[in-house]
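The two complexes that follow have chain A in common; it is paired with chain B in the first and with chain C in the second.
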Partner chain A sequence: MKQFFSFVKKEFRHVLRDRRVLLILFGMPVVQVLLFGFALTNEVKNTKIVIADYAKDEVSQQIITKIDASHYFDIEKNVLSNKQIETAFKEGKIKAALVFPAGFGENLSHGNKAQLQIIADATDINMSNQITAYLTAIILDYQQQNQLSKIPYQIIPEMRMLYNPQLKGAPNFVPGVMAMVLLLICVMMTAIAIVKEKETGTMEVLLVSPMKPWTIIVSKAAPYLILSLIDLIAILLLSVYILQVPVNGNIFLLLAESTLFILTCLMLGILISIQTSSQEIAMLISLVGMMMPTMMLSGFMFPTENMPYPLQLISNILPSKWYYIIVKTVMIKGAGFSAVWKETLILAGITMLLFFVSLKKFKIRLQ
Partner chain B sequence: MQEAVIKTDKLTKRFGDFIAVNEITFEVYKGEIFGFLGANGAGKTTAMRMLTGLSAPTSGTASVAGFDVYKQTENIKKNIGYMSQKFSLYEDLTVVENFEFYGGIYGLSKKQIKNKSDALIEGLKLQKEAKKLVIDLPLGWKQKLAFSVAIFHDPKIVFLDEPTGGVDPLARRQFWDLIYTASEKGITVFVTTHYMDEAEYCNRISIMVDGKIAALDSPENLKKQFNVQSMDEVFYQLARGAKRSE
Partner chain C sequence: MSTLKILLQKEFRQIFRNKIILAITILVPIMQFLILPLAAKYEIKNVNLVMVDHDHSTYSRQLISKITGSGYFRLVDYNSTYNEAYKYIETDKADMILEIPAGFEKNLIREGVQKIFIAVNAINGTKAGLGGSYLNSIIADFNKDILVELSPSFKNDAGIEIVPLDWFNPTRNYQLSLIPGILAMLVTMVGGFLTALNIVKEKEIGTIEQINVSPIKKRDFILAKLIPFWILANVVFTIGLILCYLVYDIQSQGNILVLYAFIAVYLLAVLGFGLLVSTYCETQQQAMFIMFFFMMIFLLLGGLFTPIESMPKWAQWLTKLNPVAYLIEVIRMVMLKGSGLKNILPELGSICLMAIVLNSWAILNYKKTS
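So, the complex of A and B:
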């Protein structure tokens, strides 16, 4: 134990003395959370649109006011002809246009049925989908409010899109960022820290010391377990207080699952460090071998269900995929352990497997 | 009769078809400075790795500090110190922190570590540098410190793997003063080197050629035996016949 504590103390000194490491450890999670939370969302916010109101009646005015009042859209100007709409699109000033045909309100009150047109700039497919969905939602909302007054209105927008009821992009990103940051810190930092000792020759001296090889590895990894837990808490605080994404499920379950994932990552880091002999290679493997697949295949950016079968298979062996599902289920959906026991089991299995593989490789290395 | 602290008998290490160390047999006595010479690739490092418990021998027997290199490596490790050629201090830690760390992993108590490091710093006249990071010290000092760290826990034997590479003759001479001091305290010094002037400082030396020990005696006797003036020439005569090179 004494050896272990001397080692951990020394390891913390390394970390605290290296500004670059500190920056990666504590700057990166903050930057990532803020980047994904604010800058990189495909959330609709203050999107510029134009409105061509041929009806100019009470109903169209009410809908326009409602759209204008939401913070999702800014009405650039009211135009009167289709030509003006086209010009506005071509100039790139607006992302969408809304057209009320003449007699819109009249149709609604007499025929109980009216149509309007939403035109979106489809050069950015995701964005146009989102915009039409948001506009539709606002209109449907208006319709429902007015049904309370017992007039059976029916407004039919030409676009029909599924609607994200929370109107937020952040909930999808927080679990992904958590998986990515933990992966980066645990895998890359651990691997680099161990390989660094090999490079500087201190590993040899450690192996000649009475410390058992596995004690060396464990004491080397332990500080990163603590540091990643600190990072995890920082990400959660940021997401709750800055991104307004609450932890809906049990926080202790979330922390326990995260600790399991951290252990998986530490094992990966250790395995990489056993197999490599230079810091550059360790970093490259961690980045290309771990970060890229996590970003692309874990379901964080693109849903795994839509991938070709071989890629789906690959995604199944990624620990981050399972962790991502667990965090989404526990943190966002607020489900309990019964909902994620299968994923937990898979993650634990991967961890054990990595542990035994690195144990074996390590023994071979020593001979 | 001198007490042998390292004994090997036909110690061999094979890597596949390649015989890195071929049946070497020698003894190292307590308190002596034993030079372990050989050209690059002659098998020095492999032999040293077997003796320090880093690598299991293929055949033959050996004991270090009275412990068997096959079964009792843990005991061996407690009784030896080691300084690698890449020198083995943490550059981003201070001198004192390095002492604390190495003292800690050898299981010394806080008080022992404090007393020892105070004494060492005074002995090396490093009071001003004690709180400095190792990276800011000159190479000669780093090597002296690495040696002090290697014998920090009072081992019976200290293994030095080309400890003085890259420093000037004066710094090397000062380093050897430390080795002599350690040897006077009864610590056996097992040292590999490329410098023939250093070989002259050893009590006895062995010269390895192609995985075998080609000569083993005191520097004086070796010079007589080969009828030459310097260790350089002894080494040259032996190494010339080597088939292996890097």
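So, the complex of A and C:
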């Protein structure tokens, strides 16, 4: 046991000695959570549009005023030909165009029917869907205000947005960013832990020492576990006090679940470290192999249920997906352990599996 | 010139010797290129819905069958109280609750107005907004049906008909939205990361001292480090374009040469950035962490996943310093909208400026003596 602790101490010294890496380790999550917490949002806000008003009558003017008054859209300019609309799109500044055909108001008041075109820049489909929906809502709203009394039987849906009444980006992105930052930091830090000893040649010393493989693995992971926990607490403080995303559930449950997730990531890093032959490769694998899949498949950017079936299967083996669900449920929804026991079990299972595979793959002889 | 040639030969040999690195930098992104665009779907289908029907009338049943028949919603359960239904939201088994109050049908006929309640899990605001508006339009449709039934004289086809048009992507191909970003990532990874790692590696294993004591000029050394990755990144970009065509059947709408011209300058900026990072780092770990830090910011604030104009003003200013944001924008403009050289001039200018600043900074900071 004494051996074990002195080994852990050695690892700590190694980690604490490199001031630059330490600075990055603590600075990076803080900057990222702040930056992404504020900047990552899918809200439709100040979206630039152009208007082609061929009608120029009272109704079209009223609708334009209504759109301009909403904070969703900024009317960039008025154009008067299809060519101009196309140029505006090609310059890349606008996301949608609204076209009132000639005689719009007249058709509406006499024929009781008029057409209106919304042209959206569909190079970003998710956004164009939203923009079209918002514009439609504003126009329908206008229409209802002007004829509400005429409809004899009306069902009014009253919609309540749970957990996030203002539809902000942060409640969705904070759990996602937490999962991503923790995963990448933990994996990247431990991924080089063992391979570095191999590369600098100190591995031989370790191998001839009476240390058992599991003690080496555990003591390599120990300093990073503590560093990650400090990071985690910093992230939580930032999200509560600066991003105003409170912890609605039990804070201890959240901390315990996060510790489990950190362990999973550390084990993943160790496995990469054992399997590779140079720092460069270990880092590239943990970075290239982890960053995009985590961003895209863990569910915080794009809902997993819409993905094709094979991708849903892949997303199931990503620890970050399960952690993201746990954080969302515990932190945002405020639910208890009974709501996340299944996810917890899966994370624990992945961790054990990674630990045993690492142990098995750990070579006690030099090739 | 001959020194440069020999140095280039050395670099290329080193790059091609390390098969694993080559595979990781080229094959892994390409695999991601093939897989990830499939994931980026926000199309709402199979929204899970829980019903709480306190009315049990003909109308409430008609409304329910209309909603489930729409194809967008899947009825998960049929509960008697709101609290029971809320459990489903809590455990993520449902996204929405629709509550029909008692006396729904009676009140609607007698008083002409009746509310119904919808509760949406809005943690993901986008999903909630879209799902909510679908449900609203189905209810509005149902409302129309009832109008026809109750007062046939009422003209219900009156009003504004909105015709939505999707330009530049009329088939609503989701992959199209994501591909510019993945192409940008491929190029940036190969350009930025590899350069930074490569130079720092020479520092860490000590071979840089041999170069420092040799009569090799600073200029030759730096050029020999940059040129191979510039070429490699261009190759990767070309592979990406070919895959675009073969796999996703996406052809550039605009002139492909405009795209290459932009990439050429863009790579100078990214390589300069990698070089700059490497001059500040001592170990590969440091270089990797710093590059990773910036890459994540570049990618997430690049306007690919969330639109730049939704960001707060200060973040929008930050994106002006983000080379990846320019590249994503330009690929979108040229490939999907068919913009020409004239349209991308502002972006090209900014990227030129960035390339000059980054490279001069890096060269000033690179010292042959430690």
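Quick note on the criterion: the second predicted complex is superposed on the first by the 236 of 367 C-alpha atoms of A that agree within 3 Å, B and C clash if a C-alpha of one lies under 4 Å from a C-alpha of the other, contacts with A are read in each partner's own complex, and residues count from 1 in each chain.
What we mean here is this: contacts are C-beta pairs under 8 Å (C-beta built on N, C-alpha and C of every residue); 3 or more make two chains touch, one makes a residue touch a chain.
Because the structure is predicted, anything quoted here is derived from the model rather than measured.
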Touching partner for A:333 - first (chain B), second (chain C), both, neither: second
First (chain B), second (chain C), both or neither touched by A:118: second
Contacts of A:2 with chain B and chain C, given as first, second, both or neither: first
Which of chain B and chain C A:145 touches, first, second, both or neither: neither
Which superposed partner A:209 touches (first chain B, second chain C, both, neither): first
First (chain B), second (chain C), both or neither touched by A:18: both
Partner with the higher number of touched chain A residues, chain C or chain B: C
Touched partner set for A:10, first chain B, second chain C, both or neither: first
Partner chain(s) touched by A:78 [first = chain B, second = chain C, both, neither]: neither
Where chain A meets both chain C and chain B, residue numbers: 18
List of chain A residues in touch with chain C within their complex: 18, 20-21, 24-25, 28, 31-32, 35-36, 38-48, 89-92, 95, 108, 112-130, 132-133, 135-137, 139-140, 143, 147, 151-165, 167-169, 171-172, 180, 184, 188, 192, 196, 277, 279-281, 283-285, 287-289, 291-293, 295-297, 301-303, 305-308, 311, 314, 325, 328-329, 332-333, 335, 339
Complex contact set, residues of chain B against chain A: 52-56, 74, 77-78, 80, 82-93, 97, 100-107, 150, 159
Chain A residues touching chain B - in the complex, by the definition given at the top: 2-3, 5-7, 9-10, 13-14, 17-18, 200-202, 204-212, 366-367
Chain C to chain A touching residues, read off their complex: 20-21, 24-25, 28-29, 32, 35-36, 38-46, 89-92, 108-109, 112-130, 132-133, 135-136, 139, 142-143, 146-147, 150-151, 154-155, 157-170, 172-174, 176-177, 180, 185, 189, 193, 197, 201, 281-286, 288-290, 292-293, 295-297, 299-301, 305-307, 309-312, 315, 318, 329, 332-333, 336-340, 343
